[in-house]
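Dumping the structure here so I can ask a few things about it.
Naming follows writing order (A, B, C and D), and every chain is counted from residue 1.
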Amino acid sequence: MYIIETKNLTKKFGDFTANNNINLQVKKGEIHAIVGENGAGKSTLMNMLYGLLQPTEGEILIKGKHVTIKNPRDAINLGIGMVHQHFKLVPTFTIFENILLGDELTKGIRINKKKEIKVVKELIDKYGFNINPKDKIQNVPIGTEQRVEILKMLYRNVDILILDEPTAVLTPQEVDELLISLNELREAGKTIIIITHKLGEVKKCSDSVTVIRKGEIVSRVETNDVTEKDLAKLMVGRDVLLQVEKSEAKIGEKLFTVNNLSVTNKQKIKLLNNVNFTVKRGEILGVAGVEGNGQSQLIKVITGLMKCTNGKITYKGKNITNYPSEKIRKLGIGIIPEDRYKHGLCRNMKISENLMAGYHDTNKFGSTYHYNYNKIKTNRDELIDDFDIRVGSADGNVGQLSGGNAQKVIIARELSMNPDLVIASQPTRGVDIGSIEFIHKQLIKLRNDNKAVLVVSSELSEIMNLSDRIIVMYKGSVIGEVNAKETTKEELGFLMAGITDRSEVENNG
Amino acid sequence: DTKDKDSEDKTFKVAMVTSAGGLGDRSYNDSGYEGLKKIEKDLGMEIKVVEPADVSEGEKYLTELAKAGYDLVCTLEYGHADVLATVAPQFPDTRFAIFNIVVDQPNVTSVIFKEHEGSFLAGALAAMVTTDESIDKTNDQKVISAIGGVQSPGIDKFIVGYEEGAKYIDPEIKVLKGYSNSFGDPAKGKELALVQIDQGSDVVYQIAGGTGEGIFEAVKDKNVFAIGVDSDQDYIVPGNILTSMMKRLDMAMVMLAEKLEDGTIDDQNLIELGLKEGTELSPMEHTKDMLKQEYLDKLEEIKEKISNGEIKVTDVSKE
Amino acid sequence: MAKIDYKQISKRVFYLILPVIFAFIVGAILIIISGHNPIEAYSAMFRGALVGKSALYNTLFSATPIIVTGLAISVAFKANLFNMGVEGQMYLGAFAAAYVGFTLKGIPTVIHVLLCIVAAIIAGGLFALIPGVLKGRFNVNEMVVTIMLNYVAILLTDYLTNFVFYSGEGYAATYPIEQSAYLPRFMKTSQLNFAFLIAIVMVCIVYYIFKYTRLGFEIKAIGHNVSFAEATGMNTRKKTIIIMVVSGMLAGVAGAGEILGVHHRFIAGFSPGYGWDGMTIALLGKNNPIGILIAALFFGILKNGGSTMELMVGVPRSLISIIQGLIIFFLAVDYLNTEFSFMSRLKLMFRRKVRS
Amino acid sequence: MIEAILHTSLRMATPIVLAALGGLFTHKANVLNIALEGMMLIGAFAGVIASFATGSIFIAIISAIVASMLFALLFNVFGITLKGNFIITGLAVNIFAAGLTSFVLQVAFGRRGVFSDPKIVGTTPIHIEFLDKIPFIGPILNNHSPMVYVSIIIAILVYFVLNHTKYGIYVRAVGENEEAAKAIGIKVNRIKYSTVYISAILCALAGINLSLGNLTMFVENMTNGRGFIALAAIFCGRGTTLGTYVFSFLFGFADSIQMRLQNLNIPGTFIQMIPFIFIVLVLSIVGAVRMIGNLDRGIKDE
């Protein structure tokens, strides 16, 4: 008997079929992975199980019984919990308030904050997360938000836990920890559905896998029977390079230099402390580090979203300190921001409009005083083609695109302007392996064309695969620099933990 | 001209266009409407009252009424002056009337009230009672006050007349002034009045439309005097409204209708109504008994002096 | 080529007419209660608003100011800026137009009119600069500031009218403007004048800005997502100021139209709330210039027909507001979007019933 | 003098305080409630009518609340259930309320403009003995209409409800991130409805205070923009209970100062601008101070 079973579940958005006759089967007590390309319909399927979307056709059986899940409350009552791909947290609330939202602990009619904090603290400790229950969501890094989402569901004691790309924003250590906790949860009798683009994780933790392509199930296999490569092939329908090959770097002149960059905020906290580095033509410089060590601020400053309090940024010999992003883009710097839907895209605007934003004042789309809609449309169609963006309707809004395809809109926009330098922050977060391959190829091509890339990623393997040189950030400073070819995950791990002198550790250990 | 010939058996039609405040102001517009109703009752004419939503509709209203065959179209809105000057020539057979402002057209009668003169009387009376110990509603301070709706020469005309009247009786008297910035905010009116009463005023002259309703409440609560405006408002808070500076719009309307009936209206392009015919103090039904006879005599004397030009009251709206 | 979806269009029209019919039915009941004949009242309304050239012209006349205030508000609303100060900006614009209208003498009419309008644009724009700068520089809530400044603008123009440029004619109005600054009428018996053409030109300009210019693009982006707009180089602080100013400038035009076309002098308190009506118009028109034009024309019909109804039949003025309020209620509803959720809800309910 | 000014301020601020506290709920639920004005007006009207008809202040209050809630129902049906735009529905409520009050007055009572009658029973000011003994504070707080005290109690209640109860948390969650609230199974629309009803109740009290506390009459459109001032107070107070209260009070304060200054030899219109300019100045200064040391570019996403 399956704990979750769907029969010919179909979901249409207008004319577009996102899920077509899905017959999903998940056994009780297993970890079931769902993989598929961006836009394959994974989130749609899960949203139906969680009551956020209503199926167009088909049935859902939970524990063998027909159910109608009208809203999340129904789902939770049925023992289903879900952690969303795009977080659903209240920014001004604290972590504990978010976790207990809807299940507040009260004393009389008054909320018992003390008890709430205590309970949440225990929960956090139980799963070994390193977060402070009293922090406000708006002040914590995105990785913490993810953990809060998971804790929210764990607190609700659901039998079935759906995790939609939970690891996309976690550090490798955190991923390991999460996978261990998932295992523990399984031992405790819970059923887990996990969506992820990282096939390694699938191999590591799941018992069985469902592969979805273009809204249909193409295969359901036992994890032990397949390799990563097999899965990749099932997903994409062709062989995929799990690691893009790149030639020897031909380093050129200095292109972009950051000198003594510092940011001190209102509360007199140094968010960045004398950061120095240089990006040369023909190379990819990786910025590694555990999230929350100043990478976001660094990117904000060098992409013109924030002013620095000290230091100097030079590009092609020109002082561009504290330039706004408008001017920065004009100088030929492409920007791929970390927060896709906040800084990179506008959900409620058309794909074509998103593809011109940031360059909307260039004459690519007509003159400054008159847009030419033919040009705008041509640009859209070309980029959708060139960058293989999977859209339901080319005329639709970006909000309708799946996460990975939305990211490709940004990549397409920034790379199509032929930049000399690309500043890319988490460029492949939440992107499927086929697309990762594609994006990596694009970035490497840029480097091979004697241009440069600065890439920030919390994904160590991405940093190591892509970069020629890696700097590591720790507490707002650059703590070390290594050569990508010579370094090891271990060495980077130490640096990221703030340990520069390894002998010290070894002696102590 | 057929109008004169058939005047015997013809039923005249009279229309009135209200000013921005509309009916229900218990003063200006209502007073005009009173007159209109009297015209219907006493003179047997057909009447109509209409209320435009805003000034820009004036032209439409005046035109349509003229077209509909009204013999006399009166507008209480002085903002219609310009419009009337263009509409009137198009309907030479219709008689128009406008109040408080002069429109120079052969078929327009402009009726002007000398509100400053009536206000002078009100001020004089106020000055006399404010220190009268025999009245339990006044104190020994020489302070009285006035509250206007929105500050403008049209309103200041009342206040300045009032002040001059008070000073005529006693140059030392202090006249407090306030504006509620609205003709329809009674709560504000009440507070303003309370503030003035707190500062020693015991006679509050209201020239503020609906805002005045709040002023009346304030004088009732504090047991001091108010002075009403436009129509006889004494009944609103009997005993606490010293008097009302009546603008006899009702009488003026009736007068116009009478002149229409006997055909003399065509020669009347400007009618100025002074103390006798137009602006006068109410009969003071509820307060007369509190007042000394000498006050009333004094008022008569002043009236006389204004009429024969011995006293000149400033009209600030004509500068 | 995209197919024209007739079903969709007829649905849209249907849902546009439905609320009006509904409001009129409720209105009819109230008319009966007030002791009048609804058929008579409505036919007066219909005739007064639509039958005959001068009726039609008067309807356009009533629509004129609110077309422009609607546009003014839409520019700000579209960028998610709550400019509730269009009323005040319009007052200052109107005053400036009147000032130029009565101080400059002996210049050719076209030039005089243009100068008046420019003055109004400048005054409205400058007044909107205050909330714009406060929002752009200090992030002060523009809704509050504009509501407050409305009072200031009206008081200020009251002062100027009553004490500085007082005509001496006994009511709160300035000197009349020169004949050369008049916007001419189209026909003698209707107040419709060239201000309407100006309004139409404004519709075109705003349409063009929204659709074809960089500013329009940025207004849209800022309105949807400021962070995104900033990150894509739109300098949202500066643009906020600019957008507020543009909105204020349009408000100024609305004021100028009223003075040059209708009153021919500044009258204290001349606006019965055109700025507020503009808000309803902008929202009903979904911030789309064409939509605004249609919504304003509809309001024109209501207003002009409403006054005929009061004039001819004697239906109380308040009833017209009631009907207006009702129509706005029904029009506010996005029937096309709700229809589906209603249907699906019904279906779900039905399904549940069947199961249990 | 200062005591008198503060006494007046408190009285004048009370209708604004009540309406603003009501509006605070909708504000927190991210429903822009322009209808405060209309709800207040209808409350004032229904209160006066009921008081006139029954002579009972209690029935007057109940009627005001019921009438105001009926308008809230309209707002909810059109604004929330049928997904109309809040601003339009709010404006429609205002137009409708203004029209209906004068229509009923005219048709049912044959009156125009003003409805005042000796039969209308107002609230009587409360004299609290022990306040007499306290200097300064005593004279300010004493001898007010009951709604003044009610408004102070309500302010405390509102603070408690918004910050310390489940309901308050849900309201805020709905307002800040509807998706988050939905995802956890909170009935978003139900919460929104309820906030509109709460604001209707408080607006009714505000209206009662205006028509039966400050005055004992109804005058067409007597709210005179107080609903919008209340809305402004909410925004000025950045949506906090205390801030909303303080700014509502400041409006009353600035207004009563203004009234006392009218005897100075400055044109009255400039004096009357004081409250409005004062608020703008306060906000600008607060804003400017907050901006010091700000490093982020761009407008804040509020």
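Convention: a contact is a pair of C-beta atoms (placed from the backbone, for glycine too) under 8 Å apart; a residue touches a chain by one contact, two chains touch by 3 or more.
These numbers come from a predicted model, not from an experiment.
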| item | value |
| --- | --- |
| Lowest number of touching-chain links that must be crossed from chain A to chain C | 1 |
| Chain pair, C-D or B-C, that carries the greater number of C-beta contacts | C-D |
| Remotest chain, chain A as reference, centres from CA atoms | B |
| Distance between the centres, which are taken as Cα means, of chain D and chain C, whole angstrom | 27 |
| Distance from chain D to chain B - Cα centre to Cα centre, in angstrom | 35 |
| Centre-to-centre distance between chain B and chain A (centres being mean Cα positions), rounded to whole Å | 76 |
| Sequence positions of chain D contacting 2 or more other chains | 102, 106, 267, 269, 272, 297-298 |
| Shared interface positions of chain C, touching two or more other chains | 155, 158-159, 162-163, 225, 227, 229-230, 235, 317, 320 |
| Residue list for chain A, restricted to those that touch at least two other chains | 304-305, 324 |
| All pairs of touching chains, each written as two labels joined by a dash | A-C, A-D, B-C, B-D, C-D |
| Residues of chain B defined as touching chain D within the complex | 21-26, 30, 151, 176-179, 181-182, 184-188, 190-192, 194-195, 198-199, 210, 213-214, 217, 236 |
| Chain A-touching residues of chain D, taken from the complex the two chains share | 160, 164-166, 169-170, 172-173, 176-177, 179-187, 292-298 |
| Chain C residues touching chain B - in the complex, by the definition given at the top | 58, 155, 158-159, 161-163, 166, 168-173, 176, 188-189, 191, 258, 262-265, 267-272, 303-304, 306-308, 310-312, 314, 317, 320 |
| Touching residues (chain side chain A, partner chain C) in the complex | 54, 68, 70, 303-305, 324-329, 335, 337, 339, 342-349, 353, 356-358, 360-361, 366, 368-371 |
| Residue ranges of chain A touching chain D (in the complex, touch as defined) | 50, 52, 71-76, 82, 84, 88-93, 97-98, 101-102, 104, 106, 109-111, 152, 263, 265-266, 300, 304-309, 324 |
